[in-house]
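Next come two complexes, and both contain chain A; in the first it sits with chain B, in the second with chain C.
Here is the complex of A and B:
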């Protein structure tokens, strides 16, 4: 009985570790985040993308930080479209984490 | 003859001075102006919406996904959490109507209960709402229009554009005397429509408003928040500018007027500014 519980716990821990390992970050920089209707509009549009876990808006830095389940499943183009739908012009989109996208020059 | 010309000159000077004083407000005719009284600080809020009944304040705290009810000193009495980015509020029959920006829903706060208003037409990012006896008006931010919902029909007011009658990212709406007043935020103006969608008046073009986010209409005046310009512009109902307030504000988002008191939510100031008509 005890060994069964141990096995279940190990499986659960491995699952949690795996999901954490796959949590990537995407940083989006735009102009005009000081207006709440625009900033939260951008949050709304980016939330429509699959795999977005959370979004943090740094108003002072003009930066949106997205935690995504797996950045492999989100393309820069998809993000660019959502930013434009929100009424912004994309300035910079940076992927980081496990599935960091290589530079275009690489 | 000299006396005649002298009298003519005096009459002309009197006429000129009367014309100048015509720029002043109806309030100033009564020797009344809006005077700053105090700043009501509320910890860690970023208010996007505000309503008062003269006894309490209801504030949309978009940053913290909640609506709060405070006394007139800013002490929180009740907190309504888990409202996803609440925006411009409407107070009607003791109920607070809240546009929930992230979910495209209108929530109704009725004392301890929160329910959802049944919308027939779904907005994309409702930035404001106004409710009266027979209508609800919803600001449909990303579709650049106002949804006017009656019991048996819907009228869609405006469409994307910059010309007269078009809207560009509207953020607030007020219904008064069968007229629809719209804060046409990124056209930097206010537009007034009838219930059929015909534009009646455009207000604020001369004042170089830099994002007209909030609007309030009373029996005598139209109040507009100039978010980036850090100003409140006050017009008469014909659209004539009568007063500008440009102090004691910090990114103003919404105005609520009750009993000669004007409350202004400061998005960047974590506060509400109070003005009295004196």
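Here is the complex of A and C:
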């Protein structure tokens, strides 16, 4: 009986921790990304957004992928403003993860 | 020593340029995934981003002329007021060593500049940009190493940069005071990365540039061919070197100019 309770508790804890650890992903297509070192400003600007854990930039695809703790705290408009402030042109933004938002094209 | 260097440069300039072009052609034919080059060494860039924008720059320029040698060490500090607008200042320190006379040194004339972006056409992994640039040089320098004239230069700076190469061009006109002749400047640069790249960047780039100046009134022309090499070690630092070889020199003054410099981001 005690053993069964322990197993249930472990399963519950694992489920809770997995849920807490899950981060959202935000994919942004950015035009004008033509040189890696001039994208440093873009990375800095996007890191100013709340809850950004990591940023990956794919130059060939003109794609920025952000891992965020909670995409509910970041609006599409905020992301567009930051990208424009960095000197680039934001295009499609796609939210995915536990707080998925509808896709929106330009 | 200078004579030897000049002789080698004169004899080999065509070979060097041919060699660099062969590297470009070979690289283009065999390239897999490479990313774009950095800012040109002797030509302006219209990108006000990263090291091309807020990068503080200093370089040593050794110039060998018919009448002596000079060494110039400018410090260039730009500041992006907005995404589209940059201001900055240039303060050089000059050493001059004439063949017939004593060596002299001191601060050169101070220059203020402003850049305003007028065109930004972004596409996937490419961009075309253009900006207007104004520079104003003041007669603040020591009289023994500086030109005693104010100069106002208006120029347009353009560039088409993709992840595979960059083409840059500048055209400008300089008004010079004290009855000295005005001049027309033009610069062209082609940049190409040698190494496959990654992000954060580690890049080795080659440049071939043309840097020309036509002095009005006296109708004299000076055109340099300027091959260069640039190493970008991170998002915030690069080191670059290049040599300017005169291919047209109506005044027969400049033998060659050699540059070694760095750029780094503080902000």
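The working rule: the second predicted complex is superposed on the first by the 79 of 106 C-alpha atoms of A that agree within 3 Å, B and C clash if a C-alpha of one lies under 4 Å from a C-alpha of the other, contacts with A are read in each partner's own complex, and residues count from 1 in each chain.
The working rule: a residue touches a chain if its C-beta (ideal position, glycine included) is under 8 Å from a C-beta of that chain, and two chains touch if they have at least 3 such contacts.
As the structure is a computational prediction, the values presented were derived from the model and not from experiment.
Participant: Label the relationship between chain B and chain C on chain A in the superposed model as either fit or clash.
Facilitator: Pair status: clash.
Participant: If you tally the residues of chain A touched by each partner, is the higher count for chain B or for chain C?
Facilitator: Residues of chain A touched, chain B against chain C: more for C.
Participant: Output check: A:40 vs chain B and chain C. Expected answer is one of first, second, both, neither. What do you get?
Facilitator: After superposition on chain A, A:40 lies in contact with both partners, chain B and chain C.
Participant: Classify the contacts of A:66 with the two partner chains as first (chain B alone), second (chain C alone), both, or neither.
Facilitator: So A:66 meets neither chain B nor chain C here.
Participant: Which partner does A:26 contact after superposing on A: first (chain B), second (chain C), both, neither?
Facilitator: A:26: touches no partner chain.
Participant: Counting only touches as set out at the top, which of chain B and chain C does A:84 meet: first, second, both, neither?
Facilitator: In the superposition, A:84 contacts chain C only.
Participant: Which chain A residues lie in the overlap of the chain B contact set and the chain C contact set?
Facilitator: Correct list for chain A: 34-38, 40-41, 43, 85, 87.
Participant: Where on chain A does chain B make contact in their complex?
Facilitator: Against chain B, the touching part of chain A is residues 34-38, 40-41, 43-44, 47, 85, 87.
Participant: Residues of chain B touching chain A in their complex?
Facilitator: Going through chain B, the ones touching chain A are 46, 48, 62, 85, 87, 101-102, 125, 127, 141-142, 169, 171, 185, 211, 213, 227-228, 251, 253, 267-268.
Participant: Contact residues on chain A for chain C in the complex?
Facilitator: The contact residues of chain A facing chain C are 29, 31-41, 43, 57, 59-62, 84-89.
Participant: Under the stated contact criterion, what part of chain C meets chain A in this complex?
Facilitator: Residue positions touching the partner: 33, 35-38, 47-54, 83, 120, 122-127, 161-163, 166, 197-201, 203, 232, 234-236, 238, 265.
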